[in-house]
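Two complexes follow with chain A in common, the first pairing it with chain B and the second with chain C.
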Partner chain A sequence: MAEETFLSDEFVRELGAVGEVDILVGIPTYNNRLTVERVVQAVQIGLVKYFPRERTVVINPDAGSRDGTPEIVKSASVQDFRSVLAANPLRTTHTLTTRVHPTRGEGGALRLILAAADLLRAKACTVISPESASITPEWIEAILRPIYRERYDFLAPVYQRHKFDALLVKNILSPLIHSTYGANLEEPAGTEFGFSGALACDLLAQDVWREDFMRYGWGVWMTTAALAGSYRSCQSFLGPKVHSGKQAEQNLAGAIQQVVGALFYSLEAHQNFWMSRTEPVALPLFGFKSELDLGPVRVNRKRLFEMFRTGVEELSTILSQILSAPVLQQIREVALGQENTCHFSDELWAKTIYEFAVSYHRAVMNRDHLLQALTPIYRGRVCSYLLENHGARVAELHKRLEVLHQQFERLKLDFIQNWSAKT
Partner chain B sequence: MGNLVVKTLSATSQNLGDMVTEFLPRLLAMLVIVAIGGVVAWILKIVVRRVLTLVKFNQLIETTGFTQLAARAALPTPSELLSRLIFWVVWVSFMLFGLNALGVAALEEEIGRFFLLLPQIFVAIIILVVGALAANFFGRSALLGAVNANYPSPRLLSSLVRFLIIALAIMMALERIGLGHGVVLIAFGAVMLALALAFGLGGRDAARRLLEKTLFEDRKEDGGDDDTISHL
Partner chain C sequence: MLEAAVGAQHAVSFKRTTMAQDTFLRGADPLWYKDAILYEVHVRTFKDSNADGIGDFRGLVEKLDYVADLGVNTLWLLPFYPSPLKDDGYDISDYTNVHPSYGTMDDFKLFLDESHRRGMRVLTELVLNHTSDQHPWFQEARKSPDNPWRDWYVWSDTPERYQEARIIFTDTEQSNWAWDPVSKSYYWHRFFSHQPDLNYDNPAVREEIWKVMKFWLDAGVDAFRLDAVPYLVEREGTNCENLPETHEVLRTLRRRLDESYPGRFFLAEANQWPSDVRAYFGQGDECHVAFHFPLMPRMFMAVRLEDRKPVIEILEKTPQIPENCQWATFLRNHDELTLEMVTDEERDYLYDEYARDKTMRLNVGIRRRLAPLMDDDRRRVELMNGLLLSLPGSPVLYYGDEIGMGDNVYLGDRKGVRTPMQWTGGWNAGFSNADPEMLCLPLISNPIYGFQAVNVESQKRSAHSLLSWMKQILRVRKSTRVFSRGTLEFLTPTNHRVLAYLRELGEERVLVVNNLSSSAQAVELDLSRFRGRIPIEMFGGNLFPRINDRLYLLTLGPYQFYWFKLRRF
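What follows is the complex of A and B.
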């Protein structure tokens, strides 16, 4: 059962008035007045178009917006569905807005959504980002159909992205999850997820809600928890993902701390699961995946390299506590080179990430400090990645990422030995 | 006149000779005690270190969280810390016995006072240990924050934070044993400065966002940053 203690009486009453539902859509918000109206309308149209007979509810946990976001959510209803659909809806979609504590970040909102799913006995649920500017009603079908009709428990998104988007995901999260959890997930830290009511109950019962990474790294935790719980998992292609201004502004060190911290934490929590995994499993992919070679992006690679070099030099004492001497020496050699010939090999990168994970496991220092120390090295890797893949097409890039995955896979045994070794 | 000078000089030299002959054996005794103390303390340190390693003291104490705390503050392992502490306690005790052997009344009084001060000294040591832990933690925070924010001279900044916190701890410890009245106020100012630096670095982005939001919101909505790659 859900913990009623963190749900306000009024919200519980509102949930009681809604009754049981088949589908629940959660849209956590915080000052999203510019994009939230379109997102809510796309959700409403998607529900009416693809799930006309199902009982549906939209839950909006708001972290104290001061720009009128909750009011926009409440009033953002599609007035005439016949302008976009063949018919008007058969059922009413309830929209509930409630307040969550701002210090708990998006993790607090997720907890509330899970609790609501539990109380309303929802069969299929999804979390949709209020910043997904490129959302269409088809996303709702793409996310919820595999859960509701095909009985999958967890669904991760696949977006159509620029080749230099989601570099943290491509270089750390995806290969590490592939080598440890054995799942070829393209977007383990997406902003949209689908999950069953059963998984919602299981996640809700887990004791992670006070962890710092739950503020923004909940997606990674949710993904790994579903994989470790052996829930039926799949992926679904949603279409283009346009990252909002908010995400672009995000502090890199903070992002690494949250999402990589969430993954390292999960590795510790699920070590019995991933240590016994031998072969990676290909997760089913729903939807027709298409690639798009978009134009170039503006990147100040020189600045990126300088920050890498300075970081390696200034943090040498800290890095020597985290990394083995040979790996640190190789990183130093990369940092001492030239920006236009920077080459951070896949093997060195895989070793670096594994050694950071082991040091996190052994708590060689404050874990937030350890994760912050990864930032300059990641900059070096990104610099090399951008340089080497400057002219590569999306298909070529996929092949290169497969090679990176294989490198992580190849070094997995050493990683397990180091992880299990007594200090 | 000349005789008087000679007499005085010979009496003085006689007295000096007597003092030296009386003092030298005591000084020698003190040096022997200090040397023996050093050897005993060193042997004890080695023995304690070996015993602690044999009983896996570090692993035993790990559950208390002290090992992590020490690692976070870049301090040695708990067994190393304990063996070093024993070394210094034993050696300082021998030194005090040695000083006592000199038979200097004023020193004996001071040593007596020192033993009365022992509880305060113990508290002062705790303050110093906590200060060292805090200095290392905040120093490292400042270093990482400055490096990731691309600030110039991150090590200097980190050293400054570390120095200010250690200075504060030393002053507070001195205050505790009655050697530095009135420094707490200055110390408070120092720690505030150190914390302002540490937290200022950590909160730099939040402050930037706040300023941009309040002052340049319209402009921000129109344009973006230089780099258009996304990490997530």
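What follows is the complex of A and C.
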């Protein structure tokens, strides 16, 4: 009987024809015809401009696009580099497109990219989102130079965002990763990452590919795996992050289930690492970080608060299995207050997240249901956050987020004790 | 006084293991010898540090970086003990000292420590079977039949005993008995007449040999090659080889080794058929490693015949060995390429193909180095090394073969394959600063293999030299344990000029394909049970087409070989 394989014969043949590479860029796609051409061209120009002598390949795993995305990728070549650069490429450029199973989501695409990196013995790799409307060729240099030239193994992006963008990252992922893994990452779930060939081989060998969170939570998994493996890690400033309309449509509950699920899974997998860690992890930042305020993000705070209140009420029984009585009581009090005075304190929030993590670890209920139950509470926290930071400038917000991180750090010992306690 | 004279050998004793070795051995895999890659070195001809024309331990220390950089992890030293040197050191007159030409005990200790510091283990010779006739034991034994040491050797009033034992050194010896004019009796010798055999029926001999072992083990030696081990005991009515009593001697020594010196090993030199060598492993309680003598000439035969049959036949006849044991494989060594373990027809063929000039023949073998045997054909040299390093066993490389050194069959005995190491194209090939006339052996100096053409210094400067290639293949070999510990399964494609086999260990699969022929070949292999796997060529790392249900077609240039990892994605 044939062994299971996720690389098609044709793709393997194409990889064999490419041979060993120095740089690999992965662009996973699914119906991205509006943005992908520009992304591919920016990547090509970046490779020619910053890595003119290196052997490079672009790998495009496509999850069954029906809008012609793969064809656009194949044909999206810069016709005359001299119009944008001073030179033409020295080497043959390779762009390989292959199909991944749509049910595997982005995780399936990542697995294929990692396999290609392994087979082609790529030294430096990156994954670029096909939706990154703000990409420039300089992103290629910013992501790959630390990996290829400075020999880092993992690079997380730093974007210039609106102050109310990426609240899931700012309120859950970053503070929890900081307190447990010791790394103060701005974007642990970014859509662009850099990694070395060695890290790619290590990640590929891990047995996570059937986990549901790998469909869209792979960025968090990758980040925590790199930190727990003590790989040399860094961050790099890429510039503004402009959302395409597609990203804005993502379902919040689904997003929480994926990325927070990935983080809680990682906490279990890496508990030996973070429970014994005593020193923070230094993460150099490459690039010059600018702090301009970007255009506004529209949020309906009233609606958010309503959903928070309703959710806390309707999920009361479930929440009582997840949270301790005092924490649940405090949350109820917040939910019963007024929308325009909503205050979900940092301390309460940190306790909430830690208790959710412990309950996940103890599997007090179906884990998907547990994660879904976090959604309305998160809305309450967002409401409070928006209210309290309405007039704050970006720099002030950074300081307030530091305070949040400190709160997580302060409560960490209790968290570890609860995590370790037998039920 | 006798005790003082004879026991003085143990006057110098060593504090048991050095700190370097303690660190080295701590946590070491008890089966480390399975992963050993050995480098056989003659101290005498490797590097001379004091310009007396003779290699020494300090010179060897100077070159340890070279050896470590080559990629080997175990050094095998030819005998370096006090000796009249009538058999290049295998005639030992003092078991627990260092020949003054090679240095002092302190020099030896320095060499041991420096080897261990570089992650290399050291295997030394234990010439169990016989001593020099100049050894104090023999000098005493011959004095009279009543001498307390008399029974340390095997004596007879007539040369008629043990008639069924064969003569090993047929070129120089007519009998296994030699007349001693001092004691007016015959003494037994399986090798040269100046090498009387010790009497292992005497418990005192066995005890003394154990003390000799302890001496070197306490110094930090990691392993012993047990020279000429099949001949320890004699019995009337037998061929005096491989007797049960010989195995009992070895089992006792092994038991004592395991009790007091775990992590060290015995390598048996038993030039016998595989079924007879099997006995030297016992039940995993005798020797850890044994040379696979019969395989070696068959590799040479297969390449000349351009036919895989000799290699497959001998390995299919090779019995299973205990899990904690290992074969040692080799292409060449300090002795003649022995043709004892082939048929008469095979021997004639090998003589005709490899030693047409009878000067090249010695005893029952051919006294040539690898490169001249391969007519200096780089591709054939690579193929032979590829076979050595991909077939099961711990491989032994002979010093100088990694740069393709030549030989000199006119030097007599086996000296022609033991000439000084060729380090540079300059003064004495960089071996010694002495006057060239002082050298212990003359250098090879002809235009093809001479030191001006073949030397380490020039090969280090080229990424495409044989030396660079040897380093590369050793790196690839060491990148996986499948070669040292994996199983072996032959494939049988219709093209008999191609020798193909699978090595498997756990989930790892390596496919080795060798073209034994001087012309390009195509071969179709049935790999259908590995359907879906991707062959990745191990030297370049490139992907080959994925395996499917059809026969897998490969083409190979003359003497070319492939090593493929069969990876699953």
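The working rule: the second predicted complex is superposed on the first by the 414 of 423 C-alpha atoms of A that agree within 3 Å, B and C clash if a C-alpha of one lies under 4 Å from a C-alpha of the other, contacts with A are read in each partner's own complex, and residues count from 1 in each chain.
Here, a residue touches a chain if its C-beta (ideal position, glycine included) is under 8 Å from a C-beta of that chain, and two chains touch if they have at least 3 such contacts.
Remember, it's a predicted structure, so these values are computed and weren't measured experimentally.
Superposition note: with chain A as the common reference, chain B and chain C can be accommodated side by side. By the touch criterion defined above, A:Tyr50 lies against neither chain B nor chain C after alignment on the C-alpha atoms of chain A. With chain A as vertex, the superposed Cα centres of chain B and chain C define an angle of 100 degrees, given in steps of 10.
When chain A is checked against chain B and against chain C, the one touching more of its residues turns out to be B. Within the superposed three-chain model, A:Asn251 lies in touch with chain B and out of touch with chain C [touch as defined at top].
Touch criterion not met for A:Trp209: it reaches neither chain B nor chain C.
In the overlay built on the shared chain, the residue A:Leu7 is in contact with chain C alone; chain B does not reach it. In the overlay built on the shared chain, the residue A:Phe237 is in contact with neither chain B nor chain C. No C-alpha atom of chain B lies closer than 28 Å to any C-alpha atom of chain C in the overlay.
Residues 68, 71-72, 74, 137, 140-141, 143-145, 147-148, 150, 154-155, 205, 209, 220-221, 224-232 of chain B touch chain A in their complex. For chain C in complex with chain A, the residues that touch the partner chain are 531-534, 536, 540-546, 548, 567-569. Residues of chain A touching chain C in their complex: 2-7, 9, 12-13, 15-16, 19-20, 115, 119, 121.
Put simply, chain A touches chain B in their complex at residues 34, 164-169, 189, 243, 245, 247-256, 259, 297-300, 303, 307, 310-311, 314-315, 318, 321, 363-366, 369, 372-373, 375-376, 382, 386.
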